[in-house]
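Shared between the two complexes below is chain A, which has chain B as its partner in the first and chain C in the second.
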Partner chain A sequence: MSANREIEARLRETAGKLLAEKKVGLFIGYEKASLPFRTTPLFLSRAEEAERLAWNPFCTANLSVYLPRLFQAPADARAAKAAPPPPTIGVALKGCDARSVVALLQERQVRRENLVLVGIACQGLVDRRKAEKALGTHEALGAGEDGRGNIRAVVEDGTEVTLRREEVLAEACLECRSPAPSLYDFLLGTPVEAKGAARRRKDGLESQPLEARWARFQEAVSGCIRCNACRQVCPMCYCKTCLFDQTRPRWIGAGTDISDVSIYHLVRALHLAGRCIGCGACERACPMGIDVRLLERKLSAEVEKLYGYRPGEAAEAVPVLSCFAMNDPQDFLTEP
Partner chain B sequence: MNQKLISHANLDRLLARLRERWIVYAPARDKAGEVALREWPQEEPLTLEFKNFLRSPKALFLPQDQTLLEYQDGKWGEPAFEVRDTILFAVRPCDARALPVLDRVFLDGEQNDPYYARLREKTTVIALACTRTMSSCFCTSVGGGPGDAAGSDLLAVDLEAELLLKAQTGRGEELLGFAADTLAEATPGAIQAAEELIAGAEGQLAPVMTAESARRLRQDYDSPLWETAGRKCLGCGTCSFLCPTCHCFDINDELRDGAGRRVRTWDCCAFPQFTAHASGHNPRPSPKERWRQRIMHKFRYAVENFDVSFCVGCGRCIRYCPVSMDLRAALKELGV
Partner chain C sequence: MPSEEIASRTRSEAWEPRILAFLCNWCSYAGADLAGVSRIQYPPNVRIVRVPCSGRINPLFLLRALQNGADGVLVSGCHPGDCHYISGNLAARRKFALFKVLMRDAGIEPERVQFTWVSASEGGRFAAIVQKVVEAVQKLGPNRKLVKSHER
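Up next, the complex of A and B:
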């Protein structure tokens, strides 16, 4: 049995048990989707349905995105008083997703005592866009893993096509430095060695003059259709009302004017500075294939260089932008 | 009905001929390597090797960011606007079918939308029949088909070495007449081959039941499915912004130093502020109500009001949903 098959079997068993023993009232995992190279989130409340759970390289969503809203009390005070007690939730988490939970714990958006974290030692995910591109005009009818971790797809005329794993792995996975969860109650699978440290995306931006960098950034985001997918799939974007959704005042226009699009992406990057755990859910969700983490990669590298801090690594750590130390570097401060 | 043939080798000549009188949009790869409808000619050659465009052609008629008025110091006027006769070459039948659907909204005869009308009435549509399908396609279930000519002035069918061009409207006839010197007479063999190819594509499509959708959905307003779907839906606008028939918009004034513009931008029923009242009340307070609206609008209200479903079965919402929601599964579960 392949490693992922084994994990899938244990995931079903674990979730089923948690639900049957009423350790959790809800279990969030993945199930098969209607199209190949994809899975869809599954909200389970009955142990008998645990067989629906799936684990494979297509489990791309970061499920921790659902957690803050499940703990959110109603805004209305009377409704909040009448609201049921916070739920107990089990959730399947890859290494990156678990880092999100850590960051959410640090920011007090989820309750640890109400969570059962089922960590999965992840071996990397398939970017469906890469897989579909590799198939060209062929249409996949089904897809799975072969014994060596490569992806096998059956296409419309019944033939099998093998896609080499490295060619279809998601960008964030190629760069992943901690594929196994650091925080968990159960750990499924054997952690594999992280290879991501060796690979950093070279965007060649930093060596360019300011004007060229600005032009590159604007070009990168110019295809944006303002669908908000990058924001909605992000576990760290949990604000009850996002500033882009405010109408009194309306801070930025809702359309695709380049100034509005630029502000959207700049603000998103800055709000995530020191908080982004690099799961890459945003870039996988973007329908337009925009490199939506272009700025975030730079900001993350800066935060790590300046403060030696990587978000999501330890729940006890104080988030870098929530604390102050006398010996924090200050040379970026300038006199007016 | 006039039918002509043109060899693949002659396609550039045909487009060049048409360009003498029309602006021509045709499929070519863009910078990201995606085949898109682009103004012809481009550096990248014309290609008919594509399943469908990522973006539907609706933005050509309903731009995502459209200035309606400009004003300064109490004076206002419409921005200068020139519309030239335009041909869209090789639009898929589902996207062509979406145009008469949009016409029902914007050209209802009593209150035509002038901004839409002036773009729409100058456009001639050449559809390219599908000889292969995707697993997300379901056009035949919503009244269309791989060889459906609704919304097209001319239907093209790609036979291996040549295209069969079938005029559907007076405009289509006119176009064939204008480019007659590049065209050959259709042969009975070509006409038959085209029919067989289209029938072959039809045979690949699995039916989704929508025939009685309006009547059935009337009983489903309180279905538990909305709760399930609303829990999973992340509330981004990918489905509706990529949808060829979604057309809801917002209008805002952007004012600075006494000068400004009135701008129309796409809006989306999945966004919380879409129904937010000035009082603060929101009649669709959660994703559950918003997701219900999307399905109800397409398959019930549209059918009740316009006698046509506002879905053309292109499958973009299924292919690009970040959490792989499939409205076909929802319709099935609702017993539509």
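Up next, the complex of A and C:
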């Protein structure tokens, strides 16, 4: 039995037990989807349905995105008083998802005492697009994993194709510095060594001249259709009202004017500076295949360099932009 | 001023940079006032927006200024330790530092958006800063990136 099958069995068992013993009222996990290389989020409230839970290299969604809204209290004080007590929620988390739960705890968006975290020692996930590209003209009808972690797909003429694991792993997984959850109540599977620490996506932005960087940025975002998918899947984008949705005032045009699109991506990068935990959900959600983390990756590196801070590492840590030091570097200032 | 007008003026032949300055109420705005009452000469290219504190600056303000045709933006607050709200400028400093990095990585001239501290007694410093910012933006020429075209 491969490691992932074993994790899947234990996940079902753990979730079923939590629900049966009423430790949680809701369990969030993954379910097999109707299309190959995909899974869909599953919200379980009955123990007997735990068999629907799945765990495989296609469980790409970051489930922590659902948590803040489940804990959201009504804004009105009287309504908040009358509201039912916050739910207890069990959730399946990979290393990156656990980091985002830590980041949400740092920003007080979720209640630790109401969460049961089922951590999964992740071995890396498959990027659906890479897999589809690797199949070329073939169309996959079904997909699974073989014993060595390579991906096997059944294509339309009934033959089986094996895709090498390294070829189809998601970019975020290739760069992952901590595939095992840092915060959990249960840990399923054995943590694997982080291989991504050394690997950094080489975009060579720094060495390029200004105009080339601008051209690169414009080229990247020009395909954007402003569907907001990158915002919706981001666990750190939990604002009740998003400035991009506001119409009074309308801060930024909602259309695909290149200026508006550029500002959307600039603002998104800024809002995630020092907060993004690098799960790559936005990249995988983008229907246009935009490198939506292009600027944010740079900002994260800069936050680490300037302030020695990495988000999602310690629940007690104060978010980097919510605090300051008297001796913060300020050599960027204009002096007469 | 309607943005169309800003846009058309930017294109006029004798081009002069148009700088939007966000000054905090307690130090920099008073510093600019002091430059005025002391009759210190500085280029007339700045339009001043008074904000309660440099901590009030939302990076979106700066991007919107560029989008609406400003050639440069200047943000100035109290010196660290002198903030009327104790730490508004210190909290802002991290945002500003990252904004500069973002401009650089996106390929927008970082000189278009400049940050500084000016106290209420530094009229001379304010004039010198404006001089420097205007010269820097003059060298860069009109802002074309991020500007939203209104002709359509």
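What to note about this one:
By definition in this document, the second predicted complex is superposed on the first by the 326 of 336 C-alpha atoms of A that agree within 3 Å, B and C clash if a C-alpha of one lies under 4 Å from a C-alpha of the other, contacts with A are read in each partner's own complex, and residues count from 1 in each chain.
By our rule, a residue touches a chain if its C-beta (ideal position, glycine included) is under 8 Å from a C-beta of that chain, and two chains touch if they have at least 3 such contacts.
The structure displayed is predicted, hence computed values, not measured ones.
By the document's definition of touching, neither partner reaches A:P249: not chain B, not chain C. Of the two partner chains, chain B is the only one that A:L141 touches; chain C does not reach it. In the superposition on chain A, A:G158 contacts neither chain B nor chain C. Using the contact criterion defined above for the overlaid structures, shared-chain residue A:R216 touches chain C, although it does not reach chain B. By the touch criterion defined above, A:D257 reaches both chain B and chain C.
In the superposition on chain A, A:P84 contacts neither chain B nor chain C. By the document's definition of touching, of the two partners only chain B reaches A:T39; chain C does not.
After overlaying the two complexes on the shared chain, residue contacts for A:G308 are found with neither chain B nor chain C.
When the two structures are aligned on the shared chain, A:M326 is found in touch with chain C, with no touch to chain B.
Common to the chain B-facing and chain C-facing surfaces of chain A are residues 253, 257. Partner chain C is touched in their complex by these residues of chain A: 205, 210-217, 243, 251-253, 257, 259-260, 262-263, 266-267, 269-270, 273-274, 295, 298-299, 302-303, 306-307, 320-324, 326, 328-330, 332-336.
Every residue of chain A that touches chain B in the complex is listed here, in rising order: 33-36, 38-41, 43, 61, 65-66, 133, 137, 139-141, 156, 223, 225-229, 231-233, 241, 245, 247, 250, 253-257, 281, 284-285, 287-289.
Within the complex formed with chain A, the residues of chain B that make contact are 32-34, 49-51, 54-55, 64-65, 132-136, 204, 228, 231-232, 234-238, 241-242, 250, 252, 254, 263, 265-268, 271-273, 276, 318-320, 322-326, 328-329.
Against chain A, the residues of chain C that register as touching in their complex are 59-60, 63-64, 67, 74, 80-81, 87, 90-91, 93-102, 104-109, 114-117, 125, 128-129, 131-133, 145-149.
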